[in-house]
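Look at the two complexes coming up: chain A is in both, with chain B in one and chain C in the other.
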Partner chain A sequence: MTTTPNRPTTQIDERAAPWRKPKWGAVVFLTIVALLMPWVLLQFGGGSFVVHMLIMFFLWSIVAQSWNLVLGVSGIYSFAQLALFAVGGWTTGVLSMSLGWNPWLSLAVAPVAATVAAIVIGLPSLRLRGVYVVLLTLAFHELLRNYAINGPEIISGGGYGLIGVPRLPTGGLFDGNHILLSYYSGLVVFIIATWAIWRIFHSPIGVAFAALRDSEGYAIGRGINQFRIKLFLFGFSAFFTGLAGGMMTHYLGSVSPSIFAFSVLINVLAMIVIGGWGSFGGPILGAALLLGLQEALRDLSDYRTLGIGLALALMAVVAPQGVWPLLRDRVARFLAEDEPKKSAGDVAGEEPENEGATDRSGSSAGGGVVESTPGH
Partner chain B sequence: MNDLVQVVWSGILSGSVYGLMAIGLTLIWGAVRLLNLAHGSLYVAGAYAGWTVINVAGLPLALAIPSAVLAAAALGLVMHALFLRPMLGRPGWDSASIIATVGIGIALQAAALLMFGPRVKQIPAVAPGSFVVGTVRFSYQGLVVIAVAVVALTLLYLFLRSSRQGMAIRAVSQEMDASALMGVPVERTYALVMMISAGLAGLAGVLLSSIFFLSPTSGFTPMIIALLVTIFGGLGSVKGTIVAAYLIGFFEAAVQVFVGPRFALPGLFLFMIAVLIVRPNGLYGVPEAQRL
Partner chain C sequence: MAVVECIDVTKRYGGLVAVQELSFQVEASEFFAIVGPNGAGKTTLFDTISGHSPATSGEIRFNGESIQRAKPHSICRLGLARTFQTTTAFDTQTVLTNALVSAVFGRSGRSSWLGFDTKAKEAALAALRLVGLADRQEDQAGTLPILDRKRLMLATALATKPTALLLDEPVGGLNASERQEFIDLVAGVAKTGVTILMIEHVMKAVQALASRMLVLHHGQKLAEGPPAEVLRDERVVQVYLGGGAARKNGNGARS
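Up next, the complex of A and B:
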């Protein structure tokens, strides 16, 4: 702790706060760009393809971010994330296509279904540790895949999945242009999910996860209920994953068992690893990088999986922190107000009891935009 | 009665196969604390090496099996030298090693797809033909697989128990620091474990690809089942793995015969989930908290 005995008064070091105030100018600028982007792009030929890629980026980066919460932040080696994605997709698909619900209503059910599925999967698997979790979640993944292929006709579509899922009704907005609707709904969900995940990172809960990952014995000793908090995180990440899955189903108009393919799983994993395992911005950056590369190297698509595999292995050996740390400071300078101009020795940082853990999350995981190293 | 014979035969056959696959996984876990998710790809690599020896080089089958083992073992050594050795002893080994092996596995799979194409292949059986008792069909290839598995597992057991290298492996997996201090060459032992484990995966691959078909992705299901076996038996326990392999083989066969083949894999998963809830460390596993 940093309380020095010869100082009678205690002050709070502002830099010790786990978040910075955002720079509103930058935020407003980004919002305007995001809102105008599709209108501008659609004026050009081929612009609609860019909009399509942006929608893909929104949805996949939600999945990558939520999976990163589970994998990187809390250290649960769960490989069931795409199964939860599929649960969301299938729920809304079955409800809207086979039962004729309004797609908006069925889309609202998708995240709930995914969360329930996550709790069912989490109850047995989160009691286990480390690699045992890998296996059990892979088993659930395979079980669900099996069910999606061999299950009743209403779900499996005879092994081909659901084809012809209705699009989200525009209700007269955007001149009935469903790409624009998908873009804006994707953008809204992306912002909400990113904000929620940001709050998780920089909240006592996030600190508790960092503490659990870095020193489990100590964290449990400080009274963190490991199982409950992991289950919460698992369910939380499933909520947004399921929502993204549902939106993907309505956007593409279909959902098929190929979503369970190992290569899809690897693709999302690569977004997390290449972007930055356990960091806040890593998965977002990774999703952008991988989707971009995928399009740029379309001609080499045969070698894509080979490249992704080798990149994963190399990243694990050479740069386990991913690309994000290289960019973090620039993004922070753009988005957040500067640190107060005080030298570290001036202030005796008196902080809440979880200070040690905050510190760790900042330095080891690159927890967020800000590194907090108060007074020592 | 016929059903029962069928269950016993299928159980022993799949149990031997699972044992071959799983023992490699458990050895690596025991020695290096590495969950090798590239094991399925090593299986595929061995099978393709065998296929190449027969169909491209035109050599007899008897040469295909040892070359499959050697090819897979060489890949294991390369994997160790390039990816695992630089990571050993670094913080974050758990997550980094899982990612690295996933990456290597997917890269090997993609390489196999590029080199051999997506079409399924089959390796000729060592002993073609079969005989029928009652209504149960016994294939000679199945008998060969069982024999090879039993011989390989016995040799491995003897090797681990009484040879110098085997003792080094056991010492390293029990207490790495102490064995390093006693003069055991830890890194060389790791390389050896990788080679043995990969070689066993290659052996399983070349033997099984005459029963099942061979494609770049055909290693995934055997690997998942091998993972189930190792975890059921308790990660790192050789004895537990062998017991678990046969138990799971019998369980799968019983579900296939009495419930229906479609329910074999789901049934297996549900069984495993139940087992892990009751015994989170498997049959013979040491509780995890003691290890870490």
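Up next, the complex of A and C:
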């Protein structure tokens, strides 16, 4: 049993482990800031616009984070995320507007509908690989877009979508201010979704996503049930996306087929790519950057998409792994330099903090282990 | 009782018969080597046993249970783990995480998707210690040199707590000194009582490790028995080592 000498290291090296302790200080601080933010902002003129942007940030970053789990962490090129967002938006829109449901109740149905839709498209895509997943999911996107334009009146609104969707009733809270209600409900959903995704990143399930991406044949040979794992992935990422879609519909009071526009798809994709493909913080930072960039480029109107396209191309060349990993390394290096002088060669702090399932794109060369994996 | 048992196993790819009505059994704690020229169907045989590419017909039993229709993940969880000919790892993950994920999902019994339990941590760490990677936990698997990648692939298999191991060319691609190191490592693993099936071209490794061996040729069994006997078999020498090597006394096929 002892062919190799027992090396001195006999403990688990916590830095190498996928689990992390939450930085509670930062969480509490940010939560307090987020809670106080609107009260402070609304004291100033134009403050309500900033609150509006924050609501947009909460909802879009949920979509970007969910999509990143599929695209970045698991390396499955599904482009159905906006269609699932729309499923959530339309479900609650139709239920509350045409059927007269209480918006809170119909909103609760939105994530369920999106999850069911995701499982329906997830099942066939589980048997497909690479570009065929792109084709199938884009076909689903296009199908829904057509239906949203040409479908029955209660869904298509004659091609204009749903206009005049009731707002979420405040029930007397916030003096009936629906922006504040949207802000706080958006914040709550944002915190829950982000927390759930953070948990996934640092637990076996998240590592399994990355393992299947790195090498599928190897991963299933180590006991990973890819069918169940991927079904969970599709369902989970759709759940919060659908919920965000539903909240968006009630917040804006409308949902239109323009949500299916290519520019919207590229925009969310850019949040993930610019922020940091496959990393936990990337899509959150990316959502903030992109929403900011969009506002900054507002005067360019049609050229805005071009500008975002250029930013994407630039990122691909300059920092392919995205802004978040770059910042993370900078901070790690800065902290390392701050520590009492060790030997000059000591680079302990320079190693990128390995966030479990993070890092690098899905273009791992590890594939091609097994000849084929039929029946999966 | 046989641990791994193949009964008339056939694997067909369209018109090509890669493995043809092959039968053999491997007893508990045995070290069983499978050799044969390239294209003889060795890796295909492993793919059918591990469930990666199910057999066309025939039966495969593991501890008496039919597994020829089982999925790879459930076969692994039954206690039958394999390594691959192409050295593979979860490249974007650390050495420790590679072992942990295998320990969580590969061991039998229930495991949580949301937490790494103590038993999984222990299994992962024990496997890394056994192969000598316990002080390399933080390294990114993709950056490891080939010998360490091979060790890691063995460690992830061990982390699943297998009762039988399929090793596909464990010392392929290694230089002479690395090869010896790895042979010693595999011998150490065998000593723990794990049943081992090993595909190997390097005769030195086969002779050092195997108690019994099987020669495959065109998907069929050519010979089976203790290495000393099988390697003297004239047909084996002819097919496997080639006529020239036969004259030169057959000192190791590809070394």
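Following the convention adopted for this analysis, the second predicted complex is superposed on the first by the 311 of 376 C-alpha atoms of A that agree within 3 Å, B and C clash if a C-alpha of one lies under 4 Å from a C-alpha of the other, contacts with A are read in each partner's own complex, and residues count from 1 in each chain.
Here, contacts are C-beta pairs under 8 Å (C-beta built on N, C-alpha and C of every residue); 3 or more make two chains touch, one makes a residue touch a chain.
What you are looking at is a predicted structure, and each value in this text was computed from that prediction instead of being measured.
Student: Between chain B and chain C, whom does A:203 touch in the aligned arrangement: first, second, both, or neither?
Tutor: After superposing on A, A:203 lies in contact with chain C but is clear of chain B.
Student: After superposition on the shared chain, which partner residues are touched by A:333: those of chain B (first), chain C (second), both, or neither?
Tutor: neither
Student: Between chain B (first) and chain C (second), which does A:313 come into contact with in this model arrangement: first, second, both, or neither?
Tutor: first
Student: For A:225, decide between first (touching chain B), second (touching chain C), both and neither.
Tutor: It touches chain C, and chain B stays clear.
Student: Looking at A:211 after the superposition, I want to know if it touches chain B, chain C, both of them or none. Which is it: first, second, both, neither?
Tutor: After superposition on chain A, A:211 lies in contact with chain C alone.
Student: In this superposed model, does chain C or chain B come into contact with more residues of chain A?
Tutor: Comparing touch counts on chain A for chain B and chain C gives C.
Student: Which parts of chain A are touched by chain B and by chain C alike?
Tutor: None.
Student: Which chain A residues qualify as touching chain C in the complex?
Tutor: 1-13, 15-19, 199, 203-205, 207-208, 210-211, 213-215, 217-226, 232, 351, 354, 356-360, 364-366, 368-376
Student: Where on chain A is chain B touching in the complex?
Tutor: 71-72, 75, 77, 124, 127-132, 134-136, 138-140, 142-143, 146-147, 150, 262-263, 266, 269, 273, 277, 302-306, 308-317, 320
Student: Sort out for me which residues of chain B touch chain A in the complex.
Tutor: 29, 35, 37, 82-83, 86-87, 90, 92, 94-111, 113-114, 217, 220, 224, 227-228, 231, 235, 262, 265-266, 269-270, 272-273, 276-277, 280-281, 288-289
Student: Residue numbers of chain C touching chain A in their complex, please.
Tutor: 43-44, 47, 50, 52-54, 71-74, 76-77, 81-82, 84, 86, 88-97, 100-102, 104-107, 111-116, 121, 124-125, 129-132, 134-135, 137-140, 142, 156-157, 160, 184-185, 187-188, 191-192
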